[in-house]
Amino acid sequence: MSSELGNNIKVSVFGQSHAPAIGVTVDGLPAGEAVDLDRLQAFLDRRAPGRGDLSTARREADRPRILCGLLDGRTCGAPLAAVIENGDTRSGDYDRLRDVPRPGHADYPAQVRYRGFQDVRGGGHFSGRLTAPLCVAGGVCLQILERRGVRIAAHIRSVGEAEDRPFRELGEDPGTLEALAQAPLPVLEERTGEEMRRLIQEAREAGDSVGGTVECIVQGLPAGLGSGMFGGVDSRLAAALFGIPAVKGVEFGAGFGAARLRGSENNDPYRMESGRVTASSNRAGGVLGGITTGLPLVFRAVFKPTPSIARAQDSVSLSRRENETLAVRGRHDPCIVPRAVPVVEAVAAILALDLLMDPPAVLPETWN
Amino acid sequence: MSSELGNNIKVSVFGQSHAPAIGVTVDGLPAGEAVDLDRLQAFLDRRAPGRGDLSTARREADRPRILCGLLDGRTCGAPLAAVIENGDTRSGDYDRLRDVPRPGHADYPAQVRYRGFQDVRGGGHFSGRLTAPLCVAGGVCLQILERRGVRIAAHIRSVGEAEDRPFRELGEDPGTLEALAQAPLPVLEERTGEEMRRLIQEAREAGDSVGGTVECIVQGLPAGLGSGMFGGVDSRLAAALFGIPAVKGVEFGAGFGAARLRGSENNDPYRMESGRVTASSNRAGGVLGGITTGLPLVFRAVFKPTPSIARAQDSVSLSRRENETLAVRGRHDPCIVPRAVPVVEAVAAILALDLLMDPPAVLPETWN
Amino acid sequence: MSSELGNNIKVSVFGQSHAPAIGVTVDGLPAGEAVDLDRLQAFLDRRAPGRGDLSTARREADRPRILCGLLDGRTCGAPLAAVIENGDTRSGDYDRLRDVPRPGHADYPAQVRYRGFQDVRGGGHFSGRLTAPLCVAGGVCLQILERRGVRIAAHIRSVGEAEDRPFRELGEDPGTLEALAQAPLPVLEERTGEEMRRLIQEAREAGDSVGGTVECIVQGLPAGLGSGMFGGVDSRLAAALFGIPAVKGVEFGAGFGAARLRGSENNDPYRMESGRVTASSNRAGGVLGGITTGLPLVFRAVFKPTPSIARAQDSVSLSRRENETLAVRGRHDPCIVPRAVPVVEAVAAILALDLLMDPPAVLPETWN
Amino acid sequence: MSSELGNNIKVSVFGQSHAPAIGVTVDGLPAGEAVDLDRLQAFLDRRAPGRGDLSTARREADRPRILCGLLDGRTCGAPLAAVIENGDTRSGDYDRLRDVPRPGHADYPAQVRYRGFQDVRGGGHFSGRLTAPLCVAGGVCLQILERRGVRIAAHIRSVGEAEDRPFRELGEDPGTLEALAQAPLPVLEERTGEEMRRLIQEAREAGDSVGGTVECIVQGLPAGLGSGMFGGVDSRLAAALFGIPAVKGVEFGAGFGAARLRGSENNDPYRMESGRVTASSNRAGGVLGGITTGLPLVFRAVFKPTPSIARAQDSVSLSRRENETLAVRGRHDPCIVPRAVPVVEAVAAILALDLLMDPPAVLPETWN
């Protein structure tokens, strides 16, 4: 496994869905940063399951215990470690999965890789539950960034055919972003939210699930972060986003739409505004050549429909080497997208802080 | 800059478009692998400019000199280094760019990051020319993989509105893949190729450019490669692909289309076939939970339209802090997508070999 | 901070001496490996404080709780995480240290680096207590290695002027190594142990402390592990050893003694023995050009005398910018070397397993 | 192989002794730094062979060609790459070595690791010749550091029984350090130099070789660089030094001598001097808890006697599996220590600059 994220701050996630506990370590956080644990909990609550009719019935308090890394409420330069106990597990639900892999899950490839030694209960280390500690790390980073004027927000851009309006590529006003953080179903257009709710309920009733996309905006990052080629903002952020379970695609700015544009449409013309360089559009999504342009970073990730569905599916018995029919029991989200919104924000926050801590591209002339 | 790729084999690209030379080092290649330099050259020729009416008029032989890493035509365990001299440079074309950044290029963010010390000539280190040494590294990896039954091929999936048929998700026959490697414009449907050609010519005549997508398939990889979370095949491959200049999005399998699918449509049902586990479909694109499934790895990258266009564009003078109009001179591709095809294959090959060299997930019981 | 160790298995240590808990994550362990928790505890007990008259009076059970990474007593491929609660802390002892740094400790440089936000209580993250979780990681690796015939043992090579005999450079018999693991004061010559005991008691009575060296042997590693230059066994092992608090020097084989040898004395002549290549001596300490030779890996680390001494010392008040006299209170080891022995073994075990999991230098011809 | 060094600046060395060329890439150098190529050459000349009666008769101009990374004489943020052609090679000298490994060389372990595919000519990638490109990287770093008041110098601390006086642990005056850089045999006491010369000549005449130690001092580094545990200055520097061929031990400050000291002797008492914190001694060698103290960094590396000696030695034939007698032909240094002095300085410079570019431990409150 390689459950580590970041170049300068190292976020390392551990745990399995039904292990005694899950958690995270964050090495390299800047020292002296206040961590408001209530705000952190409020952020985690946005991801937590069991809060409404759209998500899984599994209930977990998701209350992290900070083991170390803080002193008098501030980061102290030592690694921060947080642990979330696993309470409400019903491992019996998963007994058959070691032999009959669930389509769309990591069961089968993990079986091949780990030769049957992997923990299949609840998806093991591949479970979406591992995004809880990721949110602990991201929630801490968010607080550090916000103090410095960096705002990160995400919304459900689409569920099935229902599409929310995109973020304004030159930036949204703070009130809009704040409202998203409070909303149970974070969308920019109320009406779309209703439609999404309906689609998710329909899927649930059909014993099925549905996919969607999350769009994220990072406002307030200075220009000049990141590096060319494989050290680019987009490379590093994409690698992180694909680490979230169920993500199957990532795009920046115009993204796949750029295939249908001409250069004259896709280029963002520069202009001066109050003595500062800006641009009239932001097709680039805030990154050119791997480096931030100073415009908002805008990107989208697509989440596949939850593979755990109630309907019977074709599979195989690995022991008997024959075809099998499988009906997945257990408690599952018919659509993971609403709960994925803070997870995308968390990953964006980790990466944004990581970028801000990159070694300087130009050294000062003296040390003092 | 961070111009390095790979966990086990380390590919490090160096050079600027108008520096004396560009090149690549590859550390960690397995020893004892024969490298056929003629085949390597044939692979590089697919990327080289100046070969027809669809690309830039700049001509470079793109003949790498292997400095070290080979002994009697085989890799010897030491880092392989290759250098390509930069011949046909006309730096005068770019003199004004330090002050007036080209929209859609890295000029402005690089200026902020490197405080004006960066090499702007021909795009400097951000130039697409740096994909030539990347193809040297990838071409070597391709030969190592092919000897072991791994086949990698890419085609132009779309240019503007023109769309080629997708790869068959369960795999293509070898002849089809071989034909792509030989084609000047690698598409699966001849008719689409004609339309693409027309769209590219139209863009050129309009002093403009056009974007597109490249689709790549990797056949023959065993199941069980890669790791969960941030060590996933998709995370690692996406990070690499976003390192190719002009890539703005990456998706695997159903990709962004999965947002519109239900779980019952998106899950790939398993079945036994001649005693082996396989699946009836491959919406996953060959990867679940970051680990290969044994089905072909299928992914797409979108390339934005070349930002260098002949038409006048709005920009700014960084020294005079006022608006400016810019007409980019120089020789440029109206569509980078055809030349990007072998680059995507090269990156896929590097990553595929890197995955195959991952530490074992299960140790043998003895060393002997 | 950068509290991570290993290329293939990633050991990450967290905690501060007086934080709620300390712990470790180990990512990348091979799956399917049985972990005997009783044997692990026995290993940890060798390092634990409060076991006799030679060490600090602080008592900690040092009982790790494994949070995840195991399933039915075997590693499952997911990261292993273990936590040790911090019980017996008396933070009041350390109140003055933020202002008056202890000579020989990290207090002052940490103050400069972390601007006073660091946790000074008990040495914070710089405390020798952090070697407990390191031993958890190492203890697990030791079990994996022993099953494959790799034996690791260390002894106190010297304390002050008292010197134990060196390990036989061609290897010790298993009984000798086993006896070291059982001994309260692990030495090869009983008489030396008595002298060490006396020197440590003398130092304690003088309100002082004393340094020493630990020598470690790794038997059973195959030839051909490691790589040239900065990927060498010696480079990687030295980096790890210098991560143990108080280590000021590391040497392999003849080590610093090689400065006084001629090549004809220092070279290890090869010879055939029962059809296998071996050598008549092992001045190299089992590593040449960064690669194991198949002979035992033999190395030494020097531990400085514990900087915490009862005698008054000169220091400064950082707030008042004037000289100060400091008497360190608290409970401290007059000689850290006996407790360092299992820590060196732990680090050796982590590195040995890490080396064994390196990517292959030569690929098999097929995957099957 | 893993021929890469550094966390923030990545130095990657390539080449084999008898390949067409050797070289280095340096990724991550700060932009805007002037590189004086004449001074760089003068630095390289200190390492170059064939300059006097004490070294090998092999002559190489060692003139690097800078391929990229510079623009108008300054670093431009893109990777710097430099190549040195291999001219005066006599591969015939080494024909037999593939079968009969030289004692004390990497021949045998490399044979096991690379299964006979490695380049044995002149030691291949394991040759001391690879320190030439390392010096190119280090020489560039030295210039960057010197502009900021960091001075690095090394001397021959010992050859055989001949010992130079140690560096004054609180620092040497600049003139002394400058004189070392000019001296053909860099020692602090002239008389010792004479003795060393004599010992080296004696070894040569006996068809033998002799070892020694190099001591290095880094003056002018601020306090507060580096991190705890495995990110420490000592960990990182030791890993780098063990990457230099022939190094068998590394120690900081009192080093192995600390084993014989008491805490009261080894602790460095702090005191105020002109309003600044300093210490009365520097047994620590400038590093405590992995972090610089602001006092000079002082460390030593031991170099084993050159394994290539003219005297007949016992070895084996790997093909015939029987004992053999070997007389190494070719041109070799009877003592590598004098030429190792600038190599140690180069490694120290790379690491010092790398440390200075670490991510900040405390973030500024705003970005502007």
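Should a chain be cited, it is by its letter among A, B, C and D, assigned in written order, with residues numbered from 1 in that chain.
Keep in mind that, in the parts below, contacts are C-beta pairs under 8 Å (C-beta built on N, C-alpha and C of every residue); 3 or more make two chains touch, one makes a residue touch a chain.
Please read these numbers as outputs of a predicted model, since none were measured by experiment.
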Hey, which pair has more contacts between C-betas, A-C or C-D? C-D
Farthest chain from chain A, going by mean C-alpha coordinates, please. D
Could you work out how far the Cα centre of chain B sits from that of chain C, in whole Å? 45
Compute the distance, rounded to whole Å, between the mean C-alpha positions of chain A and chain C. 38
Once you find the CA centre of chain C and the CA centre of chain D, what distance in Å lies between them? 26
By the touch rule stated above, which residues of chain A touch at least two different other chains? 1-4, 13, 28, 31-32, 77-78, 110, 113-115, 117, 125, 222, 228, 361-362
Residues of chain B defined as touching chain C within the complex: 8, 28, 30-33, 77-78, 144, 147-149, 222, 228, 356-363, 365-368
Given the complex, residues on chain B that touch chain D span 1-4, 10, 12-16, 19-23, 25, 27-28, 31-32, 65-69, 71, 74-81, 83, 110, 113-115, 117-119, 124-125
Chain A-touching residues of chain B, taken from the complex the two chains share: 1-5, 13, 101, 103-106, 108-110, 112-115, 117, 125-126, 130, 158-161, 203, 206, 208-213, 222-232, 234-236, 238-243, 245, 247-256, 258-272, 275, 277, 279-280, 283-285, 287-294, 302-309, 311, 313-316, 318, 321-323, 361-362
